[in-house]
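What follows is a set of structures for review.
Across the two complexes that follow, chain A remains constant while its partner is chain B and subsequently chain C.
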Partner chain A sequence: MNAAKPIAAISLRNTVWITLTLALIAAPHAERLPLWLTVIAAVFCGWRLYLARMRLELPARWLMIFIVAAGSAAIYLEYRTLFGRDAGVALLVLMISLKLMETRTQRDGMVLAFIGYFLVITNFFYSQSIPTALYLLACVWLITATMIGLQYTREAPPTRSQLRTAAIMLAQSAPLMIVFFILFPRMQGPLWGLPTDAFAGVTGLSDSMSPGSLNKLVFSEDVALRATFAGRLPPQNRLYWRGPVLLDFDGRTWTAAPRAMRNQIELDRRENPVRYTVTVEPHNRRWLFALDMPGTLPPRAGISVDHLLLSQVPITTRTRYEMESFLDYGIGAASNPAPARMLALPAGFNPQTRVLGQQLRAQHGNSEAIMNAALKMLRDQKFVYTLEPPLLGTHAVDEFLFETRAGFCEHFASAFVVLMRAAGVPARVVTGYLGGEYNALGDYLIVRQSDAHAWTEVWLDNRGWVRVDPTNSVSPARADGGLAAALPDGVSLPRSARASNPLIHQLALTLDSMANAWNQTVLGYNLETQRALLTRAGLDDTSWRTLAVMLIAATGVITLLLALLTLRNRAHKRDPALALYRAFCAKAARAGVVRDDAEGPLDFALRFATARPDIAPAAQAITQLYVALRYKNINKNNELHELRQRVRQFAI
Partner chain B sequence: MTALFATMKSGFTDWLSRPRTPESGPIVLVQRRVYILPTRHGMMFAVVLLMMLLGAINYGLSLGFVLTFLLVALTFNAMLYTFRNLAGLSVTAARAPSVFVGESAQFTLNLINPGEFTRYAIGISRERRARSADDFADVPAGASARITLHIPSERRGLLHAGRLTLFSQFPLGLYQAWSYVHPDVTCLIYPRPAPAGLPLPPAESASGNGASHGTGQDDFAGLRAYHTGDPPRHIAWKAAARGHGLLTKLFSGQAASEVWLAWERLPSRMAPEEKISCLTRWVLDAHALHLAYGLRLPRLEVPMASGDGQRERCLEALALYDTLERPSS
Partner chain C sequence: MKKINDAASQIGHIILGKDRQIRLALACMIARGHLLIEDVPGVGKTTLAHALAASLGLAFQRIQFTSDLLPADVLGVAVYNSDVSRFEFHPGPIFSQVVLADEVNRATPKAQSALLEAMEEHQVTIEGETRKLPEPFFVIATQNPSRQIGTFPLPESQLDRFLMRIELGYPDATAERALLRGEDRRDLLSQLKPCMQPADLLALQREAQQVHTSDALLDYVQALVDHTRNSAGYAGGLSPRAALALVHAARAWALLDARKHAVPEDVQAILPGVVSHRLQSATDGSSADVAARLLAAVAIP
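Our next item is the complex of A and B:
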């Protein structure tokens, strides 16, 4: 039934097409693959092109088998597995490089084209941004053109027509693609277990903090979350996005331990509510960010006793949730004496700070006075806020408080909590983000990794947990104007943090608002948004059966329309010269000289001249022009124009 | 368009109405006689798409969905393109030149494209399996292309082109559209000549002209009125140019070499087919020597004559002798 194509050797032209297309698709992987594999793939592409150009034999199969075995072993050594996302991509790239060296026939070329499409999808594991999408769309166009090229059996037409056919075919596929995208029933969660490295390499906060861990984030321009506010945007210095709460200190590192979960939020005081929607970028952790202090629970999430929102599953996809926060709040006043854990300090570390704490306790007595004294100390003793703090030794807090006096927010938060605990005041470290940049174009707030911040909470009698930001005492500008305002000029910062060129900055904001729209509509399209969209469109039943029926119906209608467009019988475009000549014949017929269907134009002109000698020269000129246009290779535009003039002026 | 679905739906009735008898004149591949099915590559691509879809679902890749659905839509579209590539094409068959048994008969078809797009990679074959690039043609918009089908000849007689398949997988190779045509065209297969070296039978003087013995054909003997079948190179073109009409030059050698190539001159123990082979060889040799010759077979006689026409007449008689076919002309 299906005739096999002849076993035709793949042409040089097609070899070049397929090799370069695959190289372009694999190119974005180059930064993630081990260098040796990138080099091997590039060498194989070059080698294949060289062999095709020189019409040489492809290497022997045993050599290829050897390279496959050696390459797979090397990948195993590199990743310690052959499965999972990264190792899988590496293996795919290796196999494609080798398949390229085995591509002899047109049929092999087709298989490579299919793998090319598959390779496109692997790029989406790492990025689904607009630029990536545009780049890979171009790649899909090229593979499609390559497939068309593989189908030519005679001499291939110009590259332009090959690209044009591919572009038209893809453009015509767009409507059905959109219908499928909207109506195809979406499912929740993975079908099978995801490999452990599926979401590796995402930047973001972690559940521990040691000196230097936060200021690494500061150089990352990655977006942590975006938020749209229902009312007015609260002032910058109140935008504390609450993240992991760190309780345990081992002398160097603060860590968050699992804490009891609750299903309802207990706030002593709730005032000044703010309503907003958060879209958090995937960070592969469970926490959900909200402004201090969250007042509602997102779906499928709970709240820890430390008032940290936690999702039931790790946030592996961009997640959107409605939130309500109380900017003026009270928590924990009722929770009688803070547990000993909030006072614990590791033995044998930071003796000086401990002594200072005991002194503060002795001098001031009550917790609030101790806290204020400590903050005054930070203010008065010329502490410096810097991104490049000096390295600290074993007694990090001692060194920071008494020697270097320069640090980033994590140093201030850590030292302050240690000091408070030494003075017998329960305290804890809170990490998260502070502030954000308002994008007027899309009316939303962008919070980047560079907005990462650490602050503290201190437990005061009668008041409960009170937020204290020691950094604020040293550098109030950090909270009011962001990182760039807090640091002296000349310190290298990510582009987004320092608005150097207003034009470039505006462009960056425009691009981000496009990215946001893209994220919300295209990338964020999932089970919930699908259901919401269809319900809004008036569909009550959004079960997969209904969707399947609609999908099939829509596919039928669109294919039918496309078929009408493609298959309608279009006559070959009529020659304009012929149309003009027919007009002339019609005029001649009115003059009484009717041209016979079989009569040639020259014969007719002769006959016309004998019948109507008065207007014979005009008819003669028209005939000559027509004959020249139809049968001679001449510059048609001028002649056609003249013919049109003459036929119009031809009067009987 | 509706025919596309009708093709799938009413496949059985279409199957019944497949052309089994030769059609004469231009054959238009109307939509209802074009069939389409996925190729092996098409099936493979479906599997790739399924894998991509599973990947997109599992990893929650929105753009994975976009890409998969774009390619799904592309395969639907490709089906229309492949169908369109064949539907509407019109086919006329030219005469196939006669060949000897063992040579391949060459059926030339003219493919006419009335559409406004070039139809690439139209293949033709008897068993829908193309062997070389020569079995394919590209037909430009509003123009025509020739395609020659080579069919090996195994027996003398009339070789029917039979039911041919026109097919195409353009543009993506995921589908194959095909249509059957049964053009009313035959190729006359001459018998295989016996090996050279068989002596010609002796000349006869049956016609009474045997008196004039000549040695060669250069001895000009006069002119006579042209008869159909006289070799063109013996026509007195100069005389024709002067307006005397067509005259044939006679040479003195000709009359002497009148030969009857007769069945009964061959040994009776020879098999009939062998005899036909020998007679074929004689015809070729006699023609090469510019002899006048006649052919005598049981129940059939080709009168004495010479030239290209005579060669054709005799070879046709031998090709069709004792077959059920009647001469086509």
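Our next item is the complex of A and C:
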């Protein structure tokens, strides 16, 4: 019966559905694809709709082959490869838009709809946020509705029932989806190797610092990390999130030294530790942030000699780790800090600062007094903390200290370390984040890129490395109240830093809290959490084999339940006479006479009699009994029995 | 039962090659419904109406609808009689068992509504006095296709009052040759003898109401009606009145077939007549082949 259907031409309505749905699914890719490809895909969509509307022929095969070849070549030229995430997605979008141009039949439409589901997945290569998930869920709904529409060959279904059926189908598959989510064997790391270009556009700290590199970050609202504290949140001015430590200065740029790794922490622990959990956003570098000073090592991580936590592999996925930090600590008191390197300054730069350093050394003698004198100088000489510092020339530190006296944290940190080194005090720059915003809704701290900060560490005899934040001397508000408090009103700032409207701010916090929960529970569901969950549910063996068996069993049970539910609904209405008649029709179909669903029994009996006069009387008798059972007002038991007999005996 | 078949064959001798339409018209009358015949002029609409009335032995009046027809021309008028010093009612042509409303869409809506009210109520109210119409009472209206000029198309609510609308269509070649060879239709009509009495028709109507419609059959009718309401293919779904009309007409058709129960084939036979004036295609607003599409789309439960 279905043999004739697949070659049915695709209707205008279905063409519109499939084209628009695919366009919606591909839409988020538009900002990532080259402009020419976006334009071509849009043109193909429009062209296909136009051809369908005007009932015109689709373009010839040779033209399509030419476009395929040209398009693939162009993608190769654009990406220098046809594989990998970006080139692969570009190729897929191109091919789907071309496939649209040769979609002639209902069957082609079905193929295209299936590819549509695949196109949905490609969006998750780029974003896995809640809005993306909701958008793609809507897309899946639409593509399912499209497939339902493609099932109707005779007449178009009403749009509402089409969408309703699709929604019901998605709802029915939800239990299966949850089972798969929980039980599907997880792999360590991402399923596919992310290409090297995956983090090209990620903002964040780097392992070098030059004037202006940090205040670019200040305008980024991207989240750097989120932290949940076990106890009370420490005060804002103690939340120094330690990042790369920069030792070497070339007159303009500070860079980090290659790091010697250790597997244990040398730390003079002085206070009860602060316990917290960090979820760091991917930044494609190896460092893991922790509050000054980390006291434990996360799994698969070490610590550098300058107390920076380093993961064994770059952080390319959102990573979560438990941490313990000592806010009061002592480091490096016992060891000599390689003074030559910590005192090194490039020759020929900043002569005035060097002179000032020597003066300080001569005046005060000991390192602590020199440090305090320098901090007093910053405080007394009316230095200004600003996001828009004046441009500096060759002798950047000289100009900053003696002329402009206005800068951002990196200027203060850089100048202070240069001055200390000039005075013979070992010093280094530490970058990281300061503070963060507490989200009361989810009870966690959000640290954004705009919280990026640079401070210094100075080595003092008997005390070791001591954190000194020169910015703090100039603008204490930066550490206490964050960026917005430290700057005058009217300075342009990221929205997150300056709470313009409390309602909008509250909404932003609510959304971030939801995103955090999503990250922790859904996206953060990995091998460990899966194992923990299953163990808590009483399952000790969590090998992938067990999971696979459970998965298959659960799938079977759910499918069976849904099937039973459907069958029960159907059996509710079924009349035994009808079932027998259907059996008769099936036999008749084998005899070559197929009854259409819309054909009345008497009409069918007539047609059957013409086609197969040999067994017509038997068919006639069955039909009479069936009609009597279904449509006459009679007592039905005898006839039903007889009908059963006759249908059983009916042979072709 | 025999009488109605005699009537059918007798009418079939006058309107040649249109047995199916004749049976539909008879079914319509057995189901107590009014009949609308729509076609181009000259295919025998009026002749069919005449033949029906004459064969069934019913009193017959014809009203030619024109654009200046007034309601009083249909219903009748009270005239002052000076001899007896009071108004006397002169009944209009509506007071008849069969009223042929010829070219009903040529008249203004005002005159149309006078007729259509009578169809619904089987009574007319003139100057405050309600007068019963005779029993049985049928209106057979003919109309030209509405695309012809000088027509006031009947609104949907009024079309709904006709149980069936049938089209005669051109006769086929053999029927037309027989027509051309044969006697004048007017003579034939005048020679027609009634095959039955009005009482017989009333009895048939009662009998039709006894025809059994099983749940399975009503399922089918509901499935058909449901489809028109839920499918994108139609401009508007069938009303419950239309569903009722389907059931009544199917019963009458079953009775004409000498059955005491209705089967899906009965519904399929009368469906084109019952729904084609109530249902429009959503795409082009036409009602051509909507009935056939509907039947093909709905499976018999």
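Quick notes
Keep this in mind: the second predicted complex is superposed on the first by the 530 of 652 C-alpha atoms of A that agree within 3 Å, B and C clash if a C-alpha of one lies under 4 Å from a C-alpha of the other, contacts with A are read in each partner's own complex, and residues count from 1 in each chain.
Just so it is clear, a contact is a pair of C-beta atoms (placed from the backbone, for glycine too) under 8 Å apart; a residue touches a chain by one contact, two chains touch by 3 or more.
The structure presented is a predicted model; accordingly, all values stated were derived computationally and were not measured.
By the touch criterion defined above, A:Ala532 lies against neither chain B nor chain C after alignment on the C-alpha atoms of chain A.
Legend: residue contacts after superposition of the two complexes on their common chain; A:Ala548 is shown touching neither chain B nor chain C. In the superposition on chain A, A:Gln172 makes contact with chain B only, not with chain C.
By the touch criterion defined above, A:Leu507 lies against neither chain B nor chain C after alignment on the C-alpha atoms of chain A. Between chain B and chain C, more residues of chain A are touched by B. By the touch criterion defined above, A:Pro157 lies against chain B and chain C together after alignment on the C-alpha atoms of chain A. Contacts of A:Ala9 after superposition: neither chain B nor chain C is touched.
Judged by the touch definition given at the top, the superposed model places A:Ala563 against chain B, while chain C stays out of reach. Shared-chain residue A:Ile652: touches no atom of chain B or chain C.
154, 157, 573 are the residues of chain A that lie in the contact sets of both chain B and chain C, per the superposition on chain A. Chain C meets chain A in the complex at residues 212-214, 216-217, 230-233, 260-265, 268, 293, 295-301.
For chain A in complex with chain C, the residues that touch the partner chain are 13, 154-159, 161, 573, 575, 578, 596-603, 627, 630-633. Contact residues of chain B toward chain A in the complex are 1, 4, 31, 37-41, 44-45, 48, 51-52, 54-74, 76-78, 80-81, 83-84, 87-88, 114-116, 118, 120-121, 123, 125, 128-133, 135-138, 141-142, 165, 167, 169-173, 176, 178. Residues of chain A touching chain B in their complex: 1-6, 8, 107, 110-111, 114-115, 117-118, 120-121, 124-125, 128, 132-133, 136, 140, 144, 147-148, 150-154, 157, 165, 169-170, 172-177, 180-181, 184, 187, 190-192, 194, 198, 316-317, 522-526, 555, 559-560, 562-564, 566-573.
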